[in-house]
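Below are two complexes that have chain A in common, paired first with chain B and then with chain C.
Now for the complex of A and B:
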């Protein structure tokens, strides 16, 4: 059953991890699109920024001698999320609000978000340099190896501590978001504004508060996603800029503006990536005995070569845009 | 308005002279040649966005297509490939691709509708992909193992530039055909996705493009500096003259494109395009075929972008698919267009040259700034700034972001804005002025 364990390691675990990151990013993008009606390209760099904020806080915590059961990059997360939310508000105040006040078209806001992307990236590279860093320079990353001899496998199931934390915190964030959107006054107002901004305004919803709440949520989730991604892999200036398109793919698959769709879309894109580069021939190996003498399964049965992993997300993005631009799941509202 | 453009162009010339004084003539000539190519690319984007409101965020993809085209045309023949089984295997690949395409087209023409057809279409795509993969995989492995890559055709470089435009036009036609129905921001996301797909393909099709191993040196349409040095030019002089000769060619292409674009834009065709951009519903009601006209613009613009990409690649003498980045090859061109003035050809080209100079010069400028700051901070006992050189290189990304932000805030129409002629309104204004 080693093959099954290999499948779980390569597809299920890495797909879930990837999907969680995409989902957290896509929720932010989709909320901003729903409320402000523009594609926020700087979201990837907001994630990177959040990761760097966490890194600084974690370094401070380490230098103060704080050492707990959890990695330092994780325990400072609440503070990092607050700070990044504040930064997101500041970015909106400084760059998008003046343009909105002038009543520009959404396209101009999109171009402005490109400008923000460039400035954030430039500043991060200016102060942090281009080298890669790790949250685990002093303490090693904990790996859990689950013994799978129960099902007759000799190889263990491998999952790292950051990966477990990532999935758990994604779950927590999704539940919190759900409660916020369905139970709180502000959350309901947010859904109303996403549905119809003018109607929301005349019904007495304070659209300014809603916009502010949107940026706070988007910033906090971006910080969470960026930090968890950096904990899982490494921290570098183009950490999330490289995955902004898969995140957009996730948001579009779920239907721009639909928070729940974005979460589903994130996992869908994540799994699509891992499934399509997985070598399916591995799963056929136990059945080799069934073949006639002299026959064998092809050694490589992956759907696309590994180097096209990210390309899968782009193809999904383009195909969904063309075939069903409203997203795969209609009806859900946010 | 003409006066303003003239003043700005003179100032730009002065800026280039200033750069020349500081950085030396060979550097400045190189900068100018590249800037001229970027002006051509910005003009191409202006045709798409300025004339038509088509949000093409896939400029990088078209630049890569142009770069590949000139590489394929101008690099000498690779006899290892032509003497091997390679051409035969590639012919089989082409046949497989044709069979796959025929299959898809055949299924698309079925009279059945609904779910059945959807399933059949998906099945056709999957089958076509399998047929193609069954031929391309062995062919690619064989060519990479025996010949490296397919090599080029050994034709003149200028033919390669033209082919760059042609190939970009073909790609643009396909993309436009499937994408142009999308709304603005969706179109942006779709085109950026497609350009990433193009990048992944060109980067990983080692048998065709040599991938990240890069192809170099690429030939020039004019004698290279090394050839001039054999002809009793000293080193500095040879670089200046050779690059200048190249530059004259590029400027000729750019000015030619500008003249054609201006004539088209000033005529009925241009008016129709503006009408479609400003209100496509009204234009459609007047009997204009909006989608076909937009496709036209998308293809025309992409031709210029493809030629520009080809020129840049052959000037750099290296085709490196790994060197293409959305920031350096898509975003920067958007900044050029917005700052220069979208909807105005002269403005777009001004933006192309100006922003390229800013982009390149922000590195040495910030290096100088940091060195000064560093010596101050050292004087104050705060210590010097570490890693000045690598940090200065990163400043240009920040400067670019700052420029576009400032432009959107304070000059949203660009430095040389679009000229909107409204004869009726003008005469009314004059009448009002006379009366009062």
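Now for the complex of A and C:
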């Protein structure tokens, strides 16, 4: 049964953690695409920026001697989310809004967002340096080892505190987003604008207001995703830039403009990655006795080597685009 | 003074002007119908009133206030409502949500109005939680009109409401237009089915080349041999 526990650790837990990060990022990208019709390439760096905001706040909290049951990187999250939402609004006001006012094509906004990517990364490197940081430099990261001897396994199920918090806060964010989009006036207005921006305008919906709300939500979720990712691994200037492509794949797979699709796409890509790099040979070990004398299973049966994990997202992306060009859920076209 | 008074409006999409001096005047309870050949500027007139393109000259008075070049989110609260010809429902949203979006500008309780709109279009009652994109063309047109009525407009502008509809739905839509006007709303619509529409009209406007060619009551225009010959197909 050790093999099963190994599978759960390597695939289910890792997949859920990775999927949560992808889902939170992809929701932001899909909302921005739905409302503003451009691919926000700088979204990964907004996540990194959010993580650095959290890091600064957590450092301040630590230096003030704040010590709670939760890691400081987690308790300051609400503040970091508010600050990052403000930064996202500022980025829109400073860079994208002037371009929209000139009626530029979406591809111009995409290129501008690549510029914002380089700018954010440059600024982070300038002020924070290039070194890798950890939220757990002073206090150790708590690991939970669940005894699995009930099912006859000697290995424990291992999950870290940040991972539990990540999954729980993703769940909370998804529920909150769902209620916002289906129950609130502004949330419905946001869906209306994503569905048909001209008609939303004709209906008297204040589209500038909806755009601001979109940046606030995308910024807050980016901060949540970036911070949780940094809590799970480490914090570095290219933290989320490295995963922007699978996040885009998740948003596209789910159907651009479709919030629930992005969440599903995030988990789909996350699990596909962990399933592909998992060494399936491990699961065959218990059946070794069934083989004829002198035979053995290959020692590595993973679908792709870990270094090629990123390709998995693109295989899924290409297949989905071939089979269902609008994404798994029917997304906004163009 | 008329409720909506369009005086000598010139407007265009940035290139050559499409409207070269259009005059429209309608009052509460009126059904104003704009007819004319393709490219005469019929739909453009509605869009110009609704601030969707730039008015370069002339004035558009709503209750005496000049509203030329105002944004729709200012016009809707002033009582102006518009149903575009195409893409006029939120396809991914339910019928009920479409109506709620029509009432987006309202902060008061609009449940009474919602009930009266379902009474107006009983077909939609059973479909209230169905996505508007799944409905037939005629039902979509009803959703579009319902959405536009949810803001409680003084003036309802319809761009070719009967386009592509079966005769059954067409007469239903025209029947509702008559009722809406009787309730005191001014209706201004562009129509291809000119004969039928002018039959309902209390005011008719024949546009050609971006300006008024004939103006009169619906019946006057129907009776005018020249209008009949040039614009109603003999």
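Throughout what follows, the second predicted complex is superposed on the first by the 325 of 334 C-alpha atoms of A that agree within 3 Å, B and C clash if a C-alpha of one lies under 4 Å from a C-alpha of the other, contacts with A are read in each partner's own complex, and residues count from 1 in each chain.
Please note the rule applied: a residue touches a chain if its C-beta (ideal position, glycine included) is under 8 Å from a C-beta of that chain, and two chains touch if they have at least 3 such contacts.
Keep in mind the model is a prediction, meaning the values are calculated, not measured.
J.: Is this a clash or a fit when chain B and chain C both end up on chain A?
T.: fit
J.: Is A:189 touching anything from chain B or chain C once the two structures are fitted on A? First, second, both or neither.
T.: second
J.: Thinking of the overlay built on chain A, is A:204 touched by chain B (first), by chain C (second), by both, or by neither?
T.: Second partner only, chain C.
J.: Touching A:283 in the superposition: chain B (first), chain C (second), both, neither?
T.: In the superposition, A:283 contacts neither chain B nor chain C.
J.: When the two structures are overlaid on chain A, which partner does A:311 contact: first (chain B), second (chain C), both, or neither?
T.: Touch partner of A:311: chain B, not chain C.
J.: One more residue to check, A:116. First (chain B), second (chain C), both or neither?
T.: In the superposition, A:116 touches chain B alone.
J.: What is the angle, as a multiple of 10 degrees, that the CA centres of chain B and chain C span when seen from the CA centre of chain A?
T.: It works out to roughly 90 degrees.
J.: See if chain A has more residues touched by chain B or by chain C, and give me that chain.
T.: B
J.: By how many Å are the closest C-alpha atoms of chain B and chain C apart after the superposition?
T.: It comes out at 13 Å between the closest C-alpha atoms.
J.: For chain A, what residues appear in both contact lists, the one with chain B and the one with chain C?
T.: none
J.: Give the list of chain A residues in touch with chain B in this complex.
T.: 38-39, 95, 98-99, 104, 106-108, 110-112, 114-123, 125-126, 129-130, 245, 248-249, 252, 305, 307-308, 310-311, 314-315, 317-318, 321-322, 325
J.: In their shared complex, at which residues does chain C touch chain A?
T.: 50, 52, 72-73, 75-77, 82, 84, 87-93, 97, 100-102, 104-105, 147, 151
J.: Flag every residue of chain B that touches chain A in the complex, lowest number first.
T.: Touch list, chain B to chain A: 55, 178-179, 182-186, 188-190, 192-194, 196-197, 200-201, 203-204, 327, 331, 334-335, 338, 387, 390-391, 394-402, 404-405, 408-409, 412.
J.: Under the stated contact criterion, what part of chain A meets chain C in this complex?
T.: Per the touch definition, chain A meets chain C at residues 185, 188-189, 191-192, 195-196, 198-207, 330.
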